[in-house]
Amino acid sequence: MSNHTYKKIEIVGSSETSSDNAVENALAKAAKSVKNMRWFEVTESRGLIGDNGKVSYWQVTVKIGFTMED
Amino acid sequence: MSNHTYKKIEIVGSSETSSDNAVENALAKAAKSVKNMRWFEVTESRGLIGDNGKVSYWQVTVKIGFTMED
Amino acid sequence: MSNHTYKKIEIVGSSETSSDNAVENALAKAAKSVKNMRWFEVTESRGLIGDNGKVSYWQVTVKIGFTMED
Amino acid sequence: MSNHTYKKIEIVGSSETSSDNAVENALAKAAKSVKNMRWFEVTESRGLIGDNGKVSYWQVTVKIGFTMED
Amino acid sequence: MSNHTYKKIEIVGSSETSSDNAVENALAKAAKSVKNMRWFEVTESRGLIGDNGKVSYWQVTVKIGFTMED
Amino acid sequence: MSNHTYKKIEIVGSSETSSDNAVENALAKAAKSVKNMRWFEVTESRGLIGDNGKVSYWQVTVKIGFTMED
Amino acid sequence: MSNHTYKKIEIVGSSETSSDNAVENALAKAAKSVKNMRWFEVTESRGLIGDNGKVSYWQVTVKIGFTMED
Amino acid sequence: MSNHTYKKIEIVGSSETSSDNAVENALAKAAKSVKNMRWFEVTESRGLIGDNGKVSYWQVTVKIGFTMED
Amino acid sequence: MSNHTYKKIEIVGSSETSSDNAVENALAKAAKSVKNMRWFEVTESRGLIGDNGKVSYWQVTVKIGFTMED
Amino acid sequence: MSNHTYKKIEIVGSSETSSDNAVENALAKAAKSVKNMRWFEVTESRGLIGDNGKVSYWQVTVKIGFTMED
Amino acid sequence: MSNHTYKKIEIVGSSETSSDNAVENALAKAAKSVKNMRWFEVTESRGLIGDNGKVSYWQVTVKIGFTMED
Amino acid sequence: MSNHTYKKIEIVGSSETSSDNAVENALAKAAKSVKNMRWFEVTESRGLIGDNGKVSYWQVTVKIGFTMED
């Protein structure tokens, strides 16, 4: 391993299913434009509530670190 | 949308099943006395450990925002 | 209940399955050397991303409180 | 002054005009159901952005302290 | 113990005597309108200073958790 | 609403006029390169002081959330 | 520019007009005893509420940085 | 009340007796050089431990706000 | 004094008497297994409430620093 | 100076030499794709430990502010 | 890599030379009783000042993560 | 040691050389007007970037504690 440098971006993923799935959706979307993603850090966990009083969307903010290429 | 005002209350839900389910239980209980809930923010995630050394209860604190009616 | 005293230790559990399971794995490992664990507090939630751009490991840091024996 | 006790509630006010006006709107709404409000603390300042890329609503979260009556 | 749900409220107690007594006064006042209080968390500790340069009132903010009844 | 994903960027706007105007300037500049901006969060509020001892520039840092397109 | 050193002081300004004006009042008062003020950072934003339920005073705490002279 | 301005200073008081007394000692010392002290905020609570394993000094850091005179 | 190294451990003490006494109980228990304790830092202050609505136990979390021996 | 607007990006630099050098490496890499960098803020300082128990890489996270061009 | 579990301990290293060296001294001391150290996180950076007004000791607190063995 | 009281002041030191040297410069400047300085705490670490994209000044904010004389 040489002197790696990483960039962190902040993405909010959402999911009707679970908070973990909101993270997975954030990564899936980010993967379309960013390569070499290495780790994520959850910085915020929240969600929207529907008219029925239940969770309609889990929303999780993650910082994603990826290797900056030379 | 007019000039909405929201109130936030802080609820601790618990669940034997999962941390997400603890959030859902918090919302279900709050829905009995509060209308027009719009969103939640997780502020604390913890749990109780049973004598078998395993999670006995997931406990998640959420702030719930709801529209204040006129 | 007498004047209990507790010690907190900080453990990072990991799991290929879910963030909740990472907590459970942290407790399971800690239980091998610590008795009388009472509660945990999640202090950090993050994870590793594989070459396929998906979560390879959920990593959750928990503080575990256990009763100090006399 | 006797041994006063205060309760704090958390309100999110909004305004199309300014962040200060969002605070004022939060107080105005709270005043309909709470008496003896004494002070506020801004805990969060944010807003919604319209399709024209400009602020459509300023949203400010305030904790409001009011005297608990005997 | 079933799937308990708790609500947290935030109270500022004051006392001419001590910071601990300010907490006790907060609980005493809250107990007049809330049942089943279980725990408190100190979130802020401050006070007023009199013209003689000494503490005139200790003011301690506590979050109080109580069981939400069915 | 489908499973939206958002990206947050962090911008520092400045203004000789007011702190709110500094936010508006941050949005105006960001709008030149980013579409579908939805909300902002103020994370820092500061300013420069001129030789006359008065505010010369209000500087407000905002995180701006915008929808990531498919 | 040589190796400048700065000192920060913490001032609470108040205003009946606006939160920005509270900052300006803090600077104006500080300028009477401190020279070479360079920047300020808002660390707290709050206010007093009058008997009419409206803001009577905006109170903003700022840290002010000024150059320490040789 | 006119447009008051306050300055905050940060003092660490110590006491062999109690944490509250450490606050009182901080105020007593500050009162020798500062007038018109109005309130204090506890920002840190700690202490030294003697060779006997007991508290030798309680050390409490307080921010003290006082009115800046014209 | 040579290049000392310290370790910090985190202990929750409890007391029916006072918050200061909860700190003292934490130190007393820790002293049974740790030598050369030098200082403590209070990181959390809370308590349990009895059925009578009063404090049943003060619970204070302290980090304790002690010299690591060679 | 006109109404400047800045963008902040978050970069993790690493170095086998020192924590300061990790900052310098972060800047050097960022400079390849960003112009007009003005300041940095250290938000996290950490590192990797080699099998010999010594620091193998210093890793420092910095936010870098740069002027957004018109 | 299997489902690794890590423990974090908190150590304060000191050095007459530099803040980085204080980190290295913390690791060197910890290495005497802990194996498989993987990373560290700086949580606090401070120091003692000698009678000559200069740094006599750099003191850096690090959390050290190490693999818990089976 | 009697019941010592300390005051903390906040200084920003700068250096073209290193972050540690910025701390040393802050102490050197403070020593010209303050006696009996005992310890410092780093609260912020940042810097200016020159036109060449490299660190032009390290800027470190320290709180300095000194004994208040009788």
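The chains carry the letters A, B, C, D, E, F, G, H, I, J, K and L, assigned in the order they are written, with residues numbered from 1 in each.
Heads up, the rule we're going with is that a contact is a pair of C-beta atoms (placed from the backbone, for glycine too) under 8 Å apart; a residue touches a chain by one contact, two chains touch by 3 or more.
From a predicted model like this one, the values you see are computed outputs, not experimental measurements.
Both chain B and chain J are touched by A. Residue contact pairs shared with G-H exceed half only for one pair among J-L, F-J or A-B, and that pair is F-J.
Matching CA atoms, the turn from chain C to chain F amounts to 120°, rounded to the nearest 5.
Chain I and chain L have Cα centroids separated by 31 Å.
With centres taken as mean Cα positions, chain L sits 38 Å from chain A.
One finds 22 Å separating the Cα centroids of chain A and chain F.
The set of chain L residues that touch two or more partner chains comprises 9, 19-20, 30, 45. Chains touching one another form the pairs A-B, A-C, A-F, A-J, B-C, B-D, B-E, C-I, C-K, D-E, D-F, D-G, E-H, E-I, F-G, F-J, G-H, G-L, H-I, H-L, I-K, J-K, J-L, K-L.
By the touch criterion stated above, chain B contacts chain D in their complex at residues 1, 3-9, 63, 65, 68. Taken together, the chain L residues at the contact with chain J in this complex read 18-20, 44-49, 53-55, 58. Within the complex formed with chain H, the chain G residues making contact are 9-16, 25-26, 29-30, 57, 61. In the complex of the two chains, the chain I residues touching chain H come out as 19-20, 23-24, 27-28, 30-31, 37-42, 45, 64.
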